[in-house]
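Order of writing sets the chain letters: A, B, C and D. Residues in each chain are counted from 1.
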Amino acid sequence: MNPVNYLYLSALLFTIGAAGVLLRRNAIIVFMCVELMLNACNLAFVTFSRIHGNLDGQIIAFFTMVVAAAEVVVGLAIIVTIFRSRHSASVDDANLMKL
Amino acid sequence: MSFLLTATAVVPAVGAIATAAVPAAKKSAAKWTALLFSAATLVLAAVVLGRFDTGGPRYQLTESHSWIKAFGVRYEVGVDGIGVTLIALTALLIPFVIGAAWHDADALEDTRLGRRWRPTQGFFALILLVEAMVIISFAATDVFLFYIFFEAMLIPMYFLIGGFGDRSGGNTEQEAAKQRSYAAVKFLLYNLLGGLVMLAAVIGLYAVTADQIGGTFSLQEILSARQAGKLDLSGAGEKAIFLGFFFAFAVKAPLWPLHTWLPNAMGESTAPVAVLITAVVDKVGTFAMLRWCLQLFPEASKWAAPVVLVLAVISIIYGALLAVGQKDIKRLVAYASISHFGFIILGIFAMTSQGQSGATLYMVNHGISTAALMLVAGFLISRRGSRLIADFGGVQKVAPMLAGTFLIGGLATLSLPGLAPFVSEFLVLVGTFSRYPALGIVATVGIVLAALYVLVLYQRTMTGPVKAEVEGMHDLKVRELAVVAPLIALLLFLGFYPKPVIDVINPAVNQTLSDVHKKDPKPAVEAVHTKGGAR
Amino acid sequence: MTASATVHSLWTTAAGDGFKIPAPHIEYAQLSPVLIVFGAAVLGVLADAFLPRRSRYGAQLLISVAGLVGAFGAVLVLASNGYATDKAHLAAMGAVAVDGPALFLQGTIVLVSLVAVFTFAERRLEPKTDGARTDAFTAQGSAVPGSEQEKAATKAGFTTTEVFPLTLFAVGGMMIFPAAADLLTLFVALEVFSLPLYLLCALARRRRMLSQEAAVKYFLLGAFSSAFLLFGIALLYGYAGTVSFGGIADVVSGTAPMTPALAETAGNDALLLIGGAMVLMGLLFKVGAVPFHAWTPDVYQGAPTPVTGFMAAATKVAAFGALLRLLYVALPGLRWDWRPVLWGVAILTMVVGAIVAVTQTDVKRLLAYSSIAHAGFILAGVVATTPDGISSVMFYLAAYSFVTLGAFAVVTLVRDAGGEATHLSRWAGLGRRSPLVAAVFAVFLLAFAGIPLTSGFAGKFAVFKAAADGGATPLVIVGVLSSAVAAFFYIRVIVLMFFSDPSPEGPTVAVPSPLTTTAIAFGVVTTVVLGILPQYFLDLADKASVFVR
Amino acid sequence: MENLIGALVAAPLLGAAVLLLGGKALDRIGHWLGTLLAGTSFVIGLILFADMLGRSGEHRAISTTLYSWVPVNSFQADVSFQLDQLSMTFVLLITGVGTLIHLYSVGYMEHDERRRRFFGYLNLFLAAMLLLVVADNYLLLYVGWEGVGLASYLLIGFWQHKPSAATAAKKAFIVNRVGDVGLSIAIMLMFTTFGTFAFTPVLASADKASEGTLTGIGLMLLLAACGKSAQVPLQSWLGDAMEGPTPVSALIHAATMVTAGVYLITRSGPIFNLAPDAQTAVVVVGTVTLLFGAIVGCAKDDIKKALAGSTMSQIGYMVLAAGLGPIGYVFAIMHLVTHGFFKAGLFLGAGSVMHGMNDEVDMRKYGALRKYMPITFVTFGLGYLAIIGFPGLSGYFSKDKIIEAAFAKGGTEGWIIGSCALLGAAITAFYMTRVMLMTFFGEKRWQPAPDADAAPSAEPAAEGHAAGEMPHPHESPWSMTVPMIVLAFGSVFAGFLFNLNDSFLKWLEPVTGHKEGDSPLSATTVTATTVTVMVIGVAVAWLVYGRKPVPVVAPKGSLLTRAARRDLLQDDFNHVAFVQTGSYLTRGLVYLDLKGVDGLVNGTAATVGGLSSRMRRLQNGYVRSYAVSMFGGAAVLVAATLLMRAVA
């Protein structure tokens, strides 16, 4: 099967993720969509690694997972604090600062 | 290499620091420090004038050090006849400005604000700072060096206008403050815009020289390179660069229609500061046209001359007409100055020796005459606490000396023969007429309007029955007389014996003209010279 | 099919005996600046974990300062040993570059961070709580704003000393960022300095709601952009089969040895262009270029002011460093594709930054927009694509960062009951009440406005000159005009401070400890020195303007 | 000898400097000092005159160069003097009459606390006027030209607290400025044409220049002359100039300054001779003015204004003569001198009358004064006879010559201007007789003195008199009568002496040149006609004002009379044509400057501001919209990159 299809898939996933970021209000879900985008990237990396026949892409995938994990830690921490102080995880409620 | 010019600029700078350093309590000490340093500068300027050899090389007392290699910038100073004259003028006027401004900062003193708040010190320090920067820009022979001080000058001026401005504007104190800061901001923005446009042009100039002789800003190098044919500064690009330069200078000068900042600035600042603006700082603009526009871009200058001349004539008439229409003494003088700057620019771009010598002489005379008129006007205004012409009347009855000096200042402004400005104005007119008769004639009409605005001003303020508010007005004090009298004496002297100044200016003008490859037009017929009289 | 075969063979050989994967060779000495900072950061974490609360502050301050000073020393040593010039090369298996730009920018970042740490450690501005001096950071990040818990924490005099190690981690990341020689390192470094910054933003002592909101916005948008960056990396990898800048450049220029797979992907320019654009976007987000600037004002306003200063200064340096390296080392072959695009971005950034700033009413937001405008000016230098361009940008960054730090440091001083008084109207008449502070701020503003004899002018001139030489005259003209607009709002602040009368219940100017004073003084000195005698530093930037690959 | 020329100017200049700068200490002797210095320069003048007579016709002119004034390459102006017969004539007139009027002023200004300053101004005037006539180049002449203008300005407005005086002074200066434009342009034209503007070379090489240029120069000089000499169309200021103290009117606005225009034209003779069109213009101006002034003179009840009108008309004669070229120059100057005597005398007489009549100027409130001020009556009477050209008196000779010359112009225009000149003579006789009758004859029509501030144009108490008291006419002190007597002598005998075997003609000819015109009428015919019309004029005047009493309140009068009272609507015209349009123009420009030029700038600023606040709204605080902008940005970025590649 032609590996290029995996690329299409990853592009699709990336787009879905991006769309989610733009459309969803709940900070957690927005953040999950970002994670989805990262995973789309991983898929792309692995596919390309397969195409090129070298391991760099797969290694990078591992790095990405680690970074994503770290991001989750920090992100959730922040989101949780703001949820606690506002009793809402909707990103639209967080607009004290504007103009 | 002589450090004389640098010294002349450094002394006032040091003076500024010294003045600023005077403790808060010692107001008068600060004033005397400032006066002392300005006097010292005057002495140095006199030495410079003395050391300047009219027969000598074009640029004298030169000095050259590497400064910012990366930008091809050198610290290069040197003066030709034009520069040295204007440096002398600056150094001459500042002591009078300081003397006239003696009490201008007192109103701002406020012990509640603690010892950090030292307006007097700040005020006089700023004046000296301006002097230093102006002197450097007159002496600079490096485009970049000139540009830096041309721009930096704005900041102290800005504070002088906005921070130490006239408190008699508007009906309330708040209104006055609003007008002041409006004027200051307008002044700064106009000139900053001009400066930034010039910055682009400066960079462009660097790019051009970089292509041909390896980037340099040194006037000497550029001129010699052109002489040697290594550098060709003529073409569309250079025209654009010229326009960049000219725009900045036209704003500073100011030339119609870029003039509207001047009436605000002069109206809202105290008379001495107004003098500083119109008699000293603005001269940098016209001076720069002579030194930078014409010498760097002769071709472009000739190309632009017709338009510039028309604008200049418009300035002359327009400024005069608006002066006639003013209700505010200071604004009237401001518009008169616009008219006069029109004459100066006219003379510069007529590209005849009479025109340019006249223009340079005009810068000097206008400096002195406006100083005389404006300072007296300042004394008048400070007495009445208003600058509206309508608030005065019959002053000559109660304060004849004030009225007299005011009248003489006014007569100088309308360039009455026998007073200095006449010589320069006539030279400009002749110089223009001999190449552009039509423009010369239109410009000549300006002298009628000048008579109109000056005499109407004098009539409304000084003559007629004595107004009640004017009754108690006291005549000029000794300090004030000491400030005005020398200026008037100078006006008379230069009116009847301008030769010394002309002899300094003329060689430089001739060199400039030869840069531009322009010769004075020949007379139509060869006159028979039977005997003496005018040769 | 063949490709898959090779992969299988790879596996099999790897599993087979007698096959050793060589251990990577790391030049620790040449990476010492970064390592020292990270070491200090780890040490800080340990200190926070084990030291008693009272002694943490001192220890943290000591560690951070020592670490940064050490790092700076290391940078100097490397530079003096010629690693900036002839010995420049790629260290750590080609992951990190040790060359002129890297060292120059690392030095700048370290110095900036050192000054920033001073402002972090300032403890005289906030009113004491029960005798305990407090700083700009919340007593307990996890406590809900206004809750009992928070009150208790404040009462107990808790302080968030974690900010120091966090800062050090961020600094470490920033130091790698401009030195990263392959896209992976670039991405990791980005995250390493971004994540701590997200947290730092959330830790303000006053106005915590704003602070947290800023953190959320910064985090979400940051993550979003880094996702783009990563996808861009993926595409570039897909195009070139490698993530090392040099490698990509070779493939682009076609000098790389061709495998059939590579021949196939390298033929597909879409991969290259889209990937390049996405990576570019990730970096432009960090420098705050329009249209990726939206986060800047909100985050600058919400974050604790010392953190804002640190971000505004250091992040810009790092991000622009990375941008330069990417464009000059990895994608020089695409110059004709990205230059026009960056032209557009630069113009947009200058204009939007300058214009929107005109109507700002909050000092921090004002400075945010001004930083956007400045990003535009720097971009003008970036697109010059000449050695001059590189050096001028680096000089500008150095000059700009210290001015920015100083400016924000001054902002921390002007306070009223509610903490810092950042609304412009509150600054009216400051020049009367405390002329010195106002004068200093005026100096910074004039530097921002690019008035001659300040570092701002030298930098602006250098950048515009480079741009003009690089044939970007229109950029120069737009830049000049937008600086005129920009001048307007800087001047407005000066007018406010000096020409308008102080309101009776106006804010007071707190007297800072030597720490902040040093920071401000440092700002003033650099502003003046770089303004009047820039030659030495210009030479430095010039010598250090060659990328290794 | 040459150096004395400088002294000639220096003496009064010194006086001016001392009197104006010197403090109150000088108040007591100031007036005598001023008079002394005026006298000094008169004496110097006499010495130079004697010296000049010592030399033969061609070599009488002397010149000296003090120093180089404005040397700019080919533009070389020197401060250098030239004293030839023409200049000498003026020098003597100026210093002579000047000294007398100084003396007169001693008495006249006795009660004015600013007398010292008055004498300072008078001296300043003398200096400037002398500089004007001894300058040897047009630029230096310009200095004197404006100097006298300044002195005139200061003296007309001497009583500055009177708005009318201040206004009159300003008006005089500004109208003169219009003339100065002409002079400036003329000088520029000379410089561009000849490369110099010194009399000798310019006049010597005039024939080399094209006629067009010369005509241009001539017309410009004429414009200048019109300004200074109150010729139509720039005459409007002279009437108002009577606001000044009477001695001033006598010296400046009758005897000397106003004749400067005639000097200028005569001096520039060689140019005009080669520019017939310019000459025609001069003649026309002169003719029109002489009638204009005469008509105005008929209608005025203010004695000084009436005399002013007459001055205007007399100068009209001179200009007319000067316009005739070589046949007229000499007579123009001759009439100028004789007029200097009798008109000065008349003004001083008028001053003396006012002095005695509580500064009343309205002739309708005079009458029968001959009994009360005999000396004044006699001197004034002699002056009167002189001006109407009573046979044997000076006016008779000079005016008669001019009329002859006018006819001698030949052709139709000769007839026209000749008859105009005759008509003028008739009218002169009429209005002067009118003045005479209304002032000295008939019965008393005196009115109680109006209180000082309500006085129409009354000069402030020259002699303290309470409001409401009847005037008690009396003869003036000797310091005033003596000058009048001397001038009377002048007005009687000057003409006769000048014509004694054409001495004056011989005297001036070397400078101005002279040629006899071929008059269609014999000299005797002309003379006879002149006398006849004079008699007619007198008779008519006697019929109107002599036989029946003069009403104290002026009758409504014919349309012409009313127009003449208003200076033939000249001021009204100026008001509409220049003042009003001008003020509209300036007001319009002020508005334009504010709203237009300045508004444009502020408008730009406002636009930026508006743009800014609009763009601000994009920053709406919603993370997701930020994200959208980023996403969009990224999309654009990608698209752009691809596009670049596509176009490349």
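The definition used in the following text is that contacts are C-beta pairs under 8 Å (C-beta built on N, C-alpha and C of every residue); 3 or more make two chains touch, one makes a residue touch a chain.
Model, not experiment: these values are computed from the prediction.
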Chains adjacent to chain A and to chain C under the stated definition are D
Counting C-beta pairs in contact for B-C and for A-D, the higher total belongs to B-C
For chain B versus chain C, what separation do you get between their C-alpha means, in angstrom? 46
Please compute the C-alpha centroid of chain A, do the same for chain D, then give the distance between them in whole Å. 97
Averaging over Cα atoms per chain, report the distance between chain B and chain D in Å. 37
Centroid of chain C to centroid of chain D, CA atoms only: how many Å? 81
Provide the list of chain D residues touching at least two other chains, using ranges where the numbers run on. 616, 619, 621, 623, 627
Residues of chain B engaged with two or more neighbouring chains: none
Chain A: which residues touch two or more other chains? 18, 21, 30, 91, 94-98
Show me, using the given definition of touch, all chain pairs that touch one another. A-C, A-D, B-C, B-D, C-D
What residues of chain D sit close enough to touch chain A in their complex? 616-617, 619-624, 627-628, 631
Show which residues of chain A lie in contact with chain C when the two form their complex. 7, 10, 14, 17-18, 21, 27, 30-31, 34, 37-38, 40-41, 44-45, 47-48, 50-57, 59-60, 63-64, 67, 70-71, 74-75, 77-79, 81-82, 84-86, 91, 94-98
Residues on chain D engaged by chain B in the complex (per definition of touch): 63, 65, 67-80, 82, 136-137, 139, 142-143, 145-147, 150, 153, 157, 160-163, 165-167, 170, 173-174, 177-178, 180-181, 184-185, 187-189, 191-202, 204-205, 208-210, 213, 582-583, 585-587, 589-590, 593, 597-598, 601
Can you name the residues of chain A that touch chain D in the complex? 18, 21-23, 25, 30, 91-92, 94-99
Report the residues of chain B in contact with chain D in the complex, numbered from low to high. 190, 256-257, 259-260, 318, 321-322, 324-326, 353-354, 357-358, 394, 396-397, 411, 416-418, 422-423, 426-427, 429-430, 433-434, 437, 440-441, 444-445, 447-448, 451-452, 455-456, 458-459, 462-466, 496-499, 502-503, 506, 510, 520-535
